[in-house]
Amino acid sequence: METAILLLSCPDAKGIDARISSFIWQNEGNIVHFDQHVDEEFGRYFARVEWTLEDFRLPREGIREALLPLASELRADWRIHFSSERPRVGIMVSRHLHCLYDLLARWKEGRLRCEIPLIIGDKPDGEGVARMFGIPFHHLPVDLERREEGERRQIELLKREGVELVVLARYGKILSPLFVEEFRNRIISVHPSFLPAFPGKDPFTQAYRRGVKLIGATAHFVSEEVDEGPIIYQDVVRISHKDSPADLVRKSENLEKISLSEAVRLYCERRILVYENKTIVFE
Amino acid sequence: METAILLLSCPDAKGIDARISSFIWQNEGNIVHFDQHVDEEFGRYFARVEWTLEDFRLPREGIREALLPLASELRADWRIHFSSERPRVGIMVSRHLHCLYDLLARWKEGRLRCEIPLIIGDKPDGEGVARMFGIPFHHLPVDLERREEGERRQIELLKREGVELVVLARYGKILSPLFVEEFRNRIISVHPSFLPAFPGKDPFTQAYRRGVKLIGATAHFVSEEVDEGPIIYQDVVRISHKDSPADLVRKSENLEKISLSEAVRLYCERRILVYENKTIVFE
Amino acid sequence: METAILLLSCPDAKGIDARISSFIWQNEGNIVHFDQHVDEEFGRYFARVEWTLEDFRLPREGIREALLPLASELRADWRIHFSSERPRVGIMVSRHLHCLYDLLARWKEGRLRCEIPLIIGDKPDGEGVARMFGIPFHHLPVDLERREEGERRQIELLKREGVELVVLARYGKILSPLFVEEFRNRIISVHPSFLPAFPGKDPFTQAYRRGVKLIGATAHFVSEEVDEGPIIYQDVVRISHKDSPADLVRKSENLEKISLSEAVRLYCERRILVYENKTIVFE
Amino acid sequence: METAILLLSCPDAKGIDARISSFIWQNEGNIVHFDQHVDEEFGRYFARVEWTLEDFRLPREGIREALLPLASELRADWRIHFSSERPRVGIMVSRHLHCLYDLLARWKEGRLRCEIPLIIGDKPDGEGVARMFGIPFHHLPVDLERREEGERRQIELLKREGVELVVLARYGKILSPLFVEEFRNRIISVHPSFLPAFPGKDPFTQAYRRGVKLIGATAHFVSEEVDEGPIIYQDVVRISHKDSPADLVRKSENLEKISLSEAVRLYCERRILVYENKTIVFE
């Protein structure tokens, strides 16, 4: 059953819930999910509204225009999605393949509603996995001294394939501001720590040295500052003095793959809004 | 800032969100939280709506009447609450006092918005704790052969004190259907297991014998069937072969007290709806 | 660095730790891990001892014989393993493939120290995945009315391939006592519930109907009684009224694959002892 | 049944397990728990050994001397404890009382095996709770400009009462190096964050601003560097965009009280060894 999904944020005011839900009711839509949130610090309203299109009076292509006057009056940032549309996702990978395996297995089993037209590797390691799942693999190494040139080829390829979301499945290179700007709030990465603890290089050694009793993983949107972007999902697992740095790596892989796949799923189901370096995730 | 809270459930239909939110908007209320849920199996709609009364046009005592036509048209079960009203809670206790301590310490620290006019014990053990916190304690033993007589005195006392919610803080006796009927969906208990696993007597020995790797606790409304009422909150903790039955008891106490206190908080904040032996908890 | 691993259980007595560790010391072994446990209910001692073979005076093939007198005096059940030996694992699968993917991806990435000589399916669904990972797939359907005949072919094949451990990766058929007896405490399965809650058929519907607030998965050894064998690993995740039965299935898949893969890893690293329908897991 | 508990760490070598366990066996002790750990980075051995004194040939007061030669040969740091001895614990508190309530309720219910001869507050807020539980309360404010003078009175009082362990139950002042030195690895505090994330002031605002999806608490030994001492116990809870800073405070209180009480229990049961700013916790 097809649904429309409205993602909207605007300055808070009286009557927003009423006006949005009345718009849908007047057009004979049946609301399946109405999730809203008011951030009191920012005085801002956020909503995700999903309704069935079965008896809806407006045709799909007319909804956007019909919503324009209301949205403009509310001074809203907004997007409308349809459950039948699947975002095109490009995956980038380096040497560690557990996240790639997990994403592709879920996708193959119908658990991620997206298209995956390509996988890009700055190392050749991911090629075998890509071939197993029948997805084109592009080995595009990025020379740190000529990063922009390498990235330009990656961006070009991603755009040519109509990629909406870029997923860094333990991709090893830091992206330039140019790349980030090109896919603002549309690049999801996973960091093997409970951010903001242990950002940057070698979080396992950092965690081992500090003697923490839990380790974590963090899926987040990529911003210009490394490991500082809006957090989407985090998970942790208990460890003890018995765990060597190698054990931490192994335990972390479970967290990384589940956090990243979960974040990608939430994006594909249009459940994430970003505002001021934070996410509102309507689960 | 005072708020009104509407808890409502009704057969699902188009426009319910719009009609409720429009009612509030037309009367100049500012919605702080709008949580709704449609249960597709039952075709039923559930909502918790909270709005500020500051500029609301209707006086508190007029809201109920003003809502009547809409509620009746929706064939709704509904209640209206106000954040300034604090439910009166009666606690019943036997020998294990950790849940009692936890409830009273939270209450004393302002974390449970309720009144606690009395504590009833079928054993005298809770008296010292009650006195510490300055709450009247009533030792009302219940003789199993004359249970109804004993319970009648308990019910009478609870009603005389205007008690809305009865909390069984590891109370050791099973309540009769008479008692349950008197406080339908207004008795919260905690069972030291992850229900429906290990109901009834001695869940620790059951768990130890079965060799489970996690133990749990379950806070639930009390119904006629023992440990079968609607579940409000559950929590678990990892155990290992090293844990003796006594260790399970100790580890469980953390789960029990947090599950019970959390369930009572959710009730007092008017976040729980019950339907067909299940809860909808709007957190 | 190669190690020897002793798994031992015997009636409890004074001096067992001393005698085992002295045996290793006298032969110049360096103990890396010494884990022991005394079950007071059964009066039984359990140990897992791991030591390096680098300077060990006894040759690998002589260790068993050298330990015999001590083991016999302690009336011990015991086995000796070597880190360089990899158990041969046969996987059985039906329609749900997420656990199969997870096992094979870990194995391919070097996270499961075992050989996987074959995959058996009673349905053809797993064949594509098996081929992706280059493992022989055998489609051996089991007709419920002639179950023993079907199982005999499966057992024959598993034995011909020298399989030590059978892993049921969401295999859909119940094994006969004959099969269980053939691989006593060497068949690991995963059940999509927090056992002993919701055993048997359709645990998701059971969980949804009961309105639990957490769901789980249980990896266990298979015994004659369905879902009653010794538990190895359990995990849970929080759910809410928002989760439909389909959401429970999706959330459960994460738990199932991690619980099963973790249990298989623990087995392959020789960390599990079984006694009286319970496991001692030395992590 | 009384037991002796040996806590020992020394440079790693062959035969340590054998020599310790043989010492106990030769004296007819029955080992109940033997936990050891080898830290490969430091090349160091750690053990906690607990045995019954029932038939032990050595009198309690002779054990220490009898162990001396072995301990000195191993160049060990070591202590011997007896299950019948209860450490004397001094609690320090400021304004937030939830941890104090939790510690005292557990202690009263027999879940913390220690004596609590006094509670010190730099604010008067804890006095009522101390009185409820019948424990002497000392209001000793510390003027930041004359911190050493204030602390000297606190230390004097703690020593006069024979306090072994100091517990900071959300005590609001930073201790001077003088105080820390006086109770090296014998001061346990709890910080309301998942350290090393959000150290120092106002971790709730930090967490809210960063938009994390889990918050935590950390019980640790106090060292000269604020929030940098050896970590004993950590716990986390899931949060969402719906949680205001006030909700974070409330949710954190559960974590704080359980983490702190758990750490104090582990200390009192002689389960913690400290080495190089990390803890080995034998659970």
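Going in written order, the chains are labelled A, B, C and D, and every chain counts its residues from 1.
Criterion: a residue touches a chain if its C-beta (ideal position, glycine included) is under 8 Å from a C-beta of that chain, and two chains touch if they have at least 3 such contacts.
This structure is a prediction, so every number in the text was calculated from the model and none was measured.
**Student:** Check every other chain and keep only those touching both chain A and chain D; list them.
**Tutor:** B, C
**Student:** Chains touching chain B and chain C alike, please list them.
**Tutor:** A, D
**Student:** After a C-alpha superposition of chain C on chain D, what does the rotation angle come to, in degrees rounded to the nearest 5?
**Tutor:** Copies differ by a rotation of 180 degrees.
**Student:** Quick one: chain B and chain D, Cα centre-to-centre, how many Å?
**Tutor:** Spacing between the chain centres: roughly 35 Å.
**Student:** Which residues of chain A are in contact with two or more other chains?
**Tutor:** As it turns out, chain A has residues touching two or more other chains at 242, 283.
**Student:** If you look only at chain A, which of its residues touch chain B in the complex?
**Tutor:** Within the complex, chain A touches chain B at residues 14-15, 17-19, 21-22, 24-25, 28-34, 36, 38, 238.
**Student:** Inside the complex, what are the residues of chain D that reach chain A?
**Tutor:** For this pair, the touching residues of chain D are 37, 39-40, 46, 194-198, 210-214, 216, 230-236, 240-242, 244, 277-281, 283.
**Student:** Quick one: which bits of chain A touch chain C in the complex? Just the residue numbers, please.
**Tutor:** 97-98, 101-102, 105-106, 108-109, 111, 132-133, 242, 250, 253-254, 258, 283
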